[in-house]
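These are the structures, in structure tokens.
Look for subunit A in each of the two complexes below; its partner is subunit B in the first and subunit C in the second.
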Partner chain A sequence: MSTLSPAYNRDRLLQALVLAGLALVWEASSRAGWVHPFLLPPLSDVLTRLLTDMQSGAVFVDLALTLYRALTGFAIAAVLAVPLGILMARRRGVQWFFDPLISIGFPMPKIAFVPIFILWFDIYDTSKVIMITFSCFFPIVTATYSGTSHIDKWPLWSARALGASEGELLREIILPLASPSILTGLQIALPVGMITTIVTEMLMGGSGVGGAMIAAGRFADSVGVFAGIIEIAILGMVVIRGLDWLRARMLVWHPENRAH
Partner chain B sequence: MAGGGIRPLAGEQERGSLVVMVALCVRYLPVLIMLALWELAGRSGLVSQQMLPGIGAIASAFLDLLSSGELIMNAWRSLSRAAAGLGLAVMIGMTVGLLMATRPLFRTLINPLVRILYPMPKSALIPLVMIWFGLGDASKIFLIFLGCLLPVIVSAYNGARGVNPFLIWSATSLGASQDEVLREIILPAALPDILAGCRTALAFSFILMVSSEFVIAKDGLGFLIGSLGDGGNYPAMFAVILTVAGTGFVADRLFGSFVSHRLRWKEQA
Partner chain C sequence: MGMATDFGIKIEGVSHAYGGGQGQLGTNTLALKQTDLLIRHHEFHALLGPSGCGKSTLLYLIGGFIPVQTGSISTQKGPVTAPGPDRSIVFQNFALFPWKTVLENVMYGLQKKGLPEVECRDIAQAHIKLVQLGGFEQAYPSQLSGGMQQRAAIARTLAVDPDILLMDEPFGALDAQTRRVMQEELRMIWKKRPKTVVFVTHDVHEAVFLADRISIMSARPGRIEHQIDTGLGPERDESTLTDRRFVELGEQIWRLVREQAVLASRGGL
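What follows is the complex of A and B.
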């Protein structure tokens, strides 16, 4: 469908109207007293709070800390998991050792291990980042392994017959052909990493959006809680859209990005 | 070639269960190696027993928790909340997703909400459900429901949208009603996607169950882990953590074999 078609524009307009309507209902229901303002503070109060926190800079400190923890853990997981996944698909010994461990670790709820990481690494950034790495690692390694081992054999054989070295094979054939799967793995891991970041911040404190929210919750500051939810919703959307954009950029050549 | 590996011939499997046993041992040997390293790290004094309790200590703590009924009671509380949230999410999510795919007006109304809620890390809602529903069951069930709802909606929508329109046209021209088309054509065709979404939701239900119980709870497995850790009873804490991890693993595997049984009509890719 062309993005300029009138049907598409009408859809866009309707969706914007739906959102505006919801915002109005939210504002009206707490102003009119249909819902207790503690349970649902007026949207305008929440936005005012966001604005004052932005002016004082508190929002940006929390957002930056959360983002830093999430992306550091995510990046370390990617750096460890992508090479391991490729090695597992290319070397039988590596596959033999890691395949059972990863197939057991992949479906486990990793978040349950938070108290162990607190015990080992205390409650500061180290243990948060390690926990985030741990939870992002499995989806990435699984997707990379499966993507690399399903590469079509013909391009590999052709390249080898033409005298490509193992390094050239990796750069020219394996990485490009496995990249859609690797990116899918990253796209699965990132939301998991965000969830983990928020939970570790709630449990261990040390600022960040999660820490600020749980503090607001404990002090029965429901405006603060809603402000935190809006911050996290925006952060989550920006991060996930960013990765979608990266995928479209990296896979320009891939049929999935042909204009529909 | 390393990638494909050498598969055993069909005849080899008939050589008796001994071969299967040996193959299983070879396959899971790395797990045993890791367990042996774990045990050695504690025994040799490299890592303190406090930081990494031995496997024997964890096993006996597990048996104590089991016989006192503490583990079963808390597991029941946790798993019933997860099941309630997940069950509601699957029923409502499937309905919403299928309606979005078949009713354009409905899609226009719901889509903005889905697009806002989908990328949001659902654990951020823990303080909100605490304010809304307090510390009891309702807050956790609602959180798990919301977290599991979005993957189910999106997968049902994508699955139903991807149905080959020729099938729908043929059925309609043969006189099928809208209901029949939904039941006989759209639902079966969307089922692989829906089940994949449910598997994601299952994983989310465990994550949200444990994290909500860590933060706000008076019972449940997450609460048990926290209170054992606070009391310094680390072997028992490890035992409950491994129980949670194991339960999550088994639930995923059971669902996986249910899916492959349910979709046995589908051609293997």
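What follows is the complex of A and C.
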């Protein structure tokens, strides 16, 4: 559907109204005392807190810390996992060695490694970033491997017959052909990375949105906890939309980006 | 010219077996058995046969995409060992690079030759015009129809000016009308820029219409069963289709191919 059609605009308006309605129900149920305000503080209180924290700058410090940790871990994971996934698809020996390790690692709840990583790397940023890298690594390597190993031989043969060397084949043909799968892997890994960031911040402390939320919780500050939830929701949406945008930019050639 | 060395492709005693690799059960499938074929310099040669007769295998062996197991294949440049721009190929499914525009697709092989960018662009443009795709330089393959994609693939292959043009059922995925137009255009382009062409097809009339010589392959394991000079002359157009020779050849070759197709179906396929 075109983004300019009246039907599309009407749909978006209705969806916004539903969201506004739910926000109103939240506000009303707390104000009317249907739900104890400690369990669900009024939305207006939460938004006021958010505003105060924005004025003091505290929100931005937490958001920046969380974003920095999440993106650093995610980027390191991408730099490691994409080449490994491609190598696994192209070199039997590499596949032979890593496949069992990844088969075990992929379905494992990576967060279970937090105590070990605290033991090994302490509780500061290094430890958090390693934990985030670790959890982002598996979806990226799996998607890259699967995407690269399912490439048709025809464009590869065409490129070889046009004079491409093995190295050129990898960079100029295989990488772009696998890029939709690689991007899908990144899109799966990013929310995983965000979750891991928040959880490690909650468990290890050191500010960030997760750290601020757990601190608020310890002081029985339920407004603070809900403010954290809204911050995370906004941050998550912005980061994931950003990656969607990047995908659309990188895959302009792909039929998925062609409106019919 | 015209000496004994004036051949396009020399295929001697080539056998090829598939399967039976590591971890695979069962025996090998013999696709080609002791195949000999001499394709003349700048000849338009069609390889015709029932499906599964190994005609595409023979083409991929000439292209160097799969290694020669038994026998030898050589061109003017010597024995074939790997793919190279002297033997460029057009596949049935076009095999364009979908992330590149038409212009970038056609420029790719020229860039690999190390030509300066301006020259690459000029040669590519000329070939895009040759296949009548002018105006679509900046389009991505997914924006084009099947016929236009195949034109782009042909332009990309012709642009590197290969000595030998390999075509693997290039019009098989196109509708009947587009196929006819493409056949006429291909023959016209070939007349302007003579090359040794090996054209794989299972369409008898396509083979007769296009080729100077036709090799009919046997049912699996494939080998060259008959060779026929079409003798239709260099000009091929609408009138060729009603030419008595064309009609007779069509019937004669159809009978020969049918024999092999029947054998293939009795072979438990």
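To be clear about the criterion, the second predicted complex is superposed on the first by the 258 of 260 C-alpha atoms of A that agree within 3 Å, B and C clash if a C-alpha of one lies under 4 Å from a C-alpha of the other, contacts with A are read in each partner's own complex, and residues count from 1 in each chain.
By definition in this document, a residue touches a chain if its C-beta (ideal position, glycine included) is under 8 Å from a C-beta of that chain, and two chains touch if they have at least 3 such contacts.
If you're wondering where the values come from, they're calculated on a predicted model, not measured in any experiment.
Looking at the shared chain after the overlay, A:Tyr8 reaches neither subunit B nor subunit C.
Once the two complexes are overlaid on the shared chain, A:Tyr124 sits clear of subunit B and of subunit C alike. Of the two partner chains, neither subunit B nor subunit C is touched by A:Phe219. One of subunit B and subunit C touches more residues of subunit A, and that partner is B. Of the two partner chains placed around the shared chain by superposition, subunit B is the only one that A:Pro109 touches, whereas subunit C remains out of contact. By the touch criterion defined above, A:Thr197 lies against subunit B but remains apart from subunit C after alignment on the C-alpha atoms of chain A.
In the superposition on chain A, A:Ser149 contacts subunit B only, with no contact to subunit C. In the superposed pair of complexes, A:Phe98 makes contact with subunit B only, with no contact to subunit C. In the three-chain superposition model, subunit A touches both subunit B and subunit C at residues 153. The touching residues of subunit C, counted against subunit A in their complex, run 60, 63, 65, 82-85, 87-89, 91, 93, 95-101, 108-109, 112-113, 140-143, 153, 156-157, 160, 166. Put simply, subunit B touches subunit A in their complex at residues 1-5, 26-28, 30-31, 34, 51, 108-109, 111-113, 116-117, 119-128, 130-132, 203, 206-207, 209-211, 214-215, 221-222, 225-226, 229, 234, 237-238, 241, 244-246, 248-249, 251-253.
Here subunit A touches subunit C in the complex through residues 152-155, 157-164, 168, 173, 176-177, 179, 251-255, 258, going by the rule given at the top. Touching subunit B in their complex are the following residues of subunit A: 11, 14-16, 18-19, 22, 38-39, 89-92, 95-101, 104, 107-116, 118-120, 148-149, 151, 153, 156, 191-192, 194-199, 202-203, 209-210, 213-214, 216-217, 220, 222, 225-226, 228-229, 232-233, 236-237, 239-241.
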